[in-house]
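Read through the structures below before going on.
Each of the two complexes below includes subunit A, the first together with subunit B, the second together with subunit C.
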Partner chain A sequence: MPSPSCNVTVASPLRSYTKGASSVTACGTTVTEVLADLEQQFPGMRFRMIDEQGRIREHIRIAINTQMINDLNLPLTSRDTVHLLCALSGG
Partner chain B sequence: MPTLWISTRKGAFSLGSDAKRKTWKLAGPQMLGHIIHHVVQDPRDPKTLLLAAKTGHLGPTVYRSTNRGKTWKEAKLPPAFRKADEGEEARAVQRVIWLTPGHAKEKGTWYAGTSPAGLFHSKDGGETWQPVAGFNDHPDRSKWVQFGTPDGEFLHSIMVDPRDAKHLYMGISIGGVFESLDGGKSWTPLNQGVAMEYAPDSTAEFGHDPHCVAMHPLMPDRLYQQNHCGIYRIDRPANTWERIGKNMPKKIGDIGFPILLHPHDADTAWVFPMDGTTVWPRTAVNGKPAVYRTRNAGKSWQRLDKGLPAAQAWLTVLRQSMCTDTHKRPGVYFGTTGGEVWASANEGESWKCIAQRLPEIYAVTVAN
Partner chain C sequence: MSLSTQELARYSRHLSLNEFGIAGQEKLKAAKVLVVGAGGLGSPSLLYLAAAGVGAIGIVDFDKVDISNLQRQVLFTADDVGQSKSVMAAKRLTALNSLIKVTAHDVELNASNVMSILSNYDIVIDGCDRFATRYLVNDACVLLRKPLVSAAIHRFEGQAFTYIPGQGPCYRCLFPEQPAGDLVPNCATAGVLGVLPGILGTIQATEAIKLITGLGSVLNGRLLTYDALDMRFAEFEFSRRHDCAVCGDAPTITTPIEQSAACASPSDEAGITTAELQMLLTGLVAADLQLIDVRDPHEFAVGHLPQSINIPLSTLDSQVHLLNRNRRIVFVCRSGMRSQQACAIAAQVGIFNTANVSGGLQQWNQTVDSTLHCPL
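Showing the complex of A and B:
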């Protein structure tokens, strides 16, 4: 069965990867899978958000709908929106 | 006609000159808002440049240009540590701060230095990067690099011996200078003779803070270093550094970040002293910026401040922010933390400001 496709909002620092799009769709049953699909669609994007140890970078936040998450393996449905957010990072 | 690449906290700029290096034209910014640590031309393929970048939010990466910096393409696999094993320290690259082209005969090879201190190698022109396990996983690495500067650990000043591609040096702040004779598979500290005033054991083999290390291209057995604790020279195969900074005027001292070598004369070097007294202001000494030059490998130093502000200029020149071009009488350039670029077409005898009001400058490099 194909993975569900969910909506992903993209913060402005990441839009150079999405050709300026503020919202894209990606497939996956977890955020990990969605990020992997985004990497397929937009090469290089994942590493700017997730470090080589699999951790969310210091000034990146990820939310499912209205809930901030730290666990990238939380399940997703096609009704969910994943928000890729950039937190404040200084002057 | 040299072009200067200016790496700043808010983007990359370039300064192009006429043939006589009298007029300069500023271009950019490129990648506005990105934190640019280094832009380096490939001497084996001058159309190619690599650029080390990150942003406030996003992780570090490397970009490559094959048209002299007109357009840039991101690396497919930027420098990254290997995935840590269970229970192991899980290091992640925070910044790529240094880029060095590989040996002239190894086209497409590059080295990168990062914070935390890591060494990375590319064999495909900077498209993909692999960790150099010989250093990154060295059993003594955690002893060599026990702590970093307030801005983090820096692995910098990666140097390839032009006579032997496997002979490498590098500097680590804080850790010291290290040498490899086997292309990075193994490393040995090279810090004897270097002071370490912040440590209880000043005779330790490592733990030193080389701010900038430079190998003379025509005399690769000669290295100079501007250290946190003075200016030094070594002529291999000697293993002990000589503190040539002791010949600097006492009221100026021998603390600074950069050291710059004359491309055609191994006895000539320039430094930019800063205030390393009391709480370490790290500004031009007494607010009166000056470059100091030696013509005799450090036996004596000459103050060069003609054209520079005479007072109330509390600027700093960082470790990567001084360079020369390769003219017969080389131009000398430096960028300041206050966003100014200064140039001298007469080896430092007089200075002219060629750009101002730029963001904080992290590196100034030359492209031909």
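Showing the complex of A and C:
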């Protein structure tokens, strides 16, 4: 049985991976699985967010709906939206 | 601080707001607000703060007005090009409202002056365009216990939040460290929709006015994001980190520190100078070289090195098959930032025979060939 898919919004600096799309769909029951699916769809994207130790990079934040998270293994449902946020520097 | 007859007339629309009234206007008159950066964000926030009657406004910016600023930096006119931003901004605000005091700080904010400058103000608005300055301003605000209204923009997206000392998370709680190698480019390299900072800068002015008057609630522990393309606002809750380097339980940053350029761009190990590039291009080894200009096509069209091919950084991921593993690959861009990122992207797919030109075509223009057209 395929994993449920959820909506993922993509921060502007990461959209070079999604061909400019501000939101995409990805499959997974946890954020970890969603990130793995994103990597399948958009090679190289996960490494921009997650370091070699599997930690969220310090200029990246990930939110489920309105709450920023640190635990990538929190459960997701198809009603959830995962938000990929990135520090911006422009002024 | 009582209001004069002239001020009562000028701010009458504020006075008509029951929630605001004379008391609110008097608080604005007594307030001292510092705006860091008189750019896209600083322009609208400064104009609205001056118009609203904030009694003392400081402007920090050491840059000069460039023609490319006028697309979004509404403080300035074409006559201001080449002039000091902070000085011209102060002049504009004084023309708008001569009842307030405006101070231009025509200096680059650094670890040695940030505390003394910020200490003269009640609230700080950060509208700068460099990560290093963002962290410097945040740390100084935490150390001085000054509220900070922060915003940043990128292409069509912006974000804002407000730090209140002792009551919520700071910028380092949100993003503990800046991206390695400046992976998130600024407006000069990524481009920006001109009206975007108008929205975010106005939000910053609104937050400052609410902080001063005590009205409403501010973005304390909430990151507000705005996507101009989708015309969508969103907000995300975040908390203070107990291990935050500056506001945490055991802070490691106890005086302002500057994130050096080397820290901002730690991966410039593959950098070569423009003189080295010139030697490569004129030497017998030129045939072994693949020179790739990673700027956008519209920049490439203005001027480029004749030996170069154009693969924009934004498309490099999907065009790595064009990289010739059997030749030395040299990436070049405007200032040397995107070319560093190109080296990193190539390394991710196992291509390590790369170099980037430090200082980019701007440096080439200054040191090798001034006839090469390279947009600033």
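Before moving on, here are some points about what is shown:
Keep in mind that, in the parts below, the second predicted complex is superposed on the first by the 87 of 91 C-alpha atoms of A that agree within 3 Å, B and C clash if a C-alpha of one lies under 4 Å from a C-alpha of the other, contacts with A are read in each partner's own complex, and residues count from 1 in each chain.
The criterion applied here is as follows: a residue touches a chain if its C-beta (ideal position, glycine included) is under 8 Å from a C-beta of that chain, and two chains touch if they have at least 3 such contacts.
These numbers come from a predicted model, not from an experiment.
Bringing the complexes onto one copy of subunit A puts subunit B in a clash with subunit C. By the touch criterion defined above, A:G44 reaches both subunit B and subunit C.
Contact with both subunit B and subunit C is seen for A:C86 once the two complexes are overlaid on the shared chain.
Within the superposed three-chain model, A:V24 lies out of touch with both subunit B and subunit C [touch as defined at top].
Applying the stated contact rule after C-alpha superposition, one finds that A:A63 touches subunit C and leaves subunit B untouched.
In the superposed model, A:R55 lies in contact with subunit B only, and not with subunit C. Of the two partner chains placed by the overlay, neither subunit B nor subunit C lies in contact with A:V34.
In the superposed three-chain model, the partner touching more residues of subunit A is C, compared with the other of subunit B and subunit C. Looking at the shared chain after the overlay, A:V8 reaches neither subunit B nor subunit C.
In the superposition on chain A, A:L76 contacts neither subunit B nor subunit C.
Within the three-chain superposition, the subunit C stretch that clashes with subunit B turns out to be 363-371, the only such case among 21-29, 165-173 or 363-371. Across the two superposed structures, the residue set of subunit A contacted by subunit B and also by subunit C is 11, 13, 43-44, 47-48, 57, 59-60, 86-87, 89-90. Subunit A meets subunit B in the complex at residues 11, 13-14, 43-44, 47-55, 57, 59-60, 86-87, 89-90.
Residue ranges on subunit B touching subunit A, taken from their complex, read 55-59, 61, 74-76, 78, 80-84, 90-93.
Subunit C meets subunit A in the complex at residues 37, 39-42, 126-131, 134, 151-159, 174-179, 182-187, 190, 192, 197, 223, 225, 227, 229-230, 234-238, 313-315, 317, 345, 348.
Residues 9, 11-13, 16-17, 22, 43-44, 47-48, 57-61, 63, 66-68, 83, 85-91 of subunit A touch subunit C in their complex.
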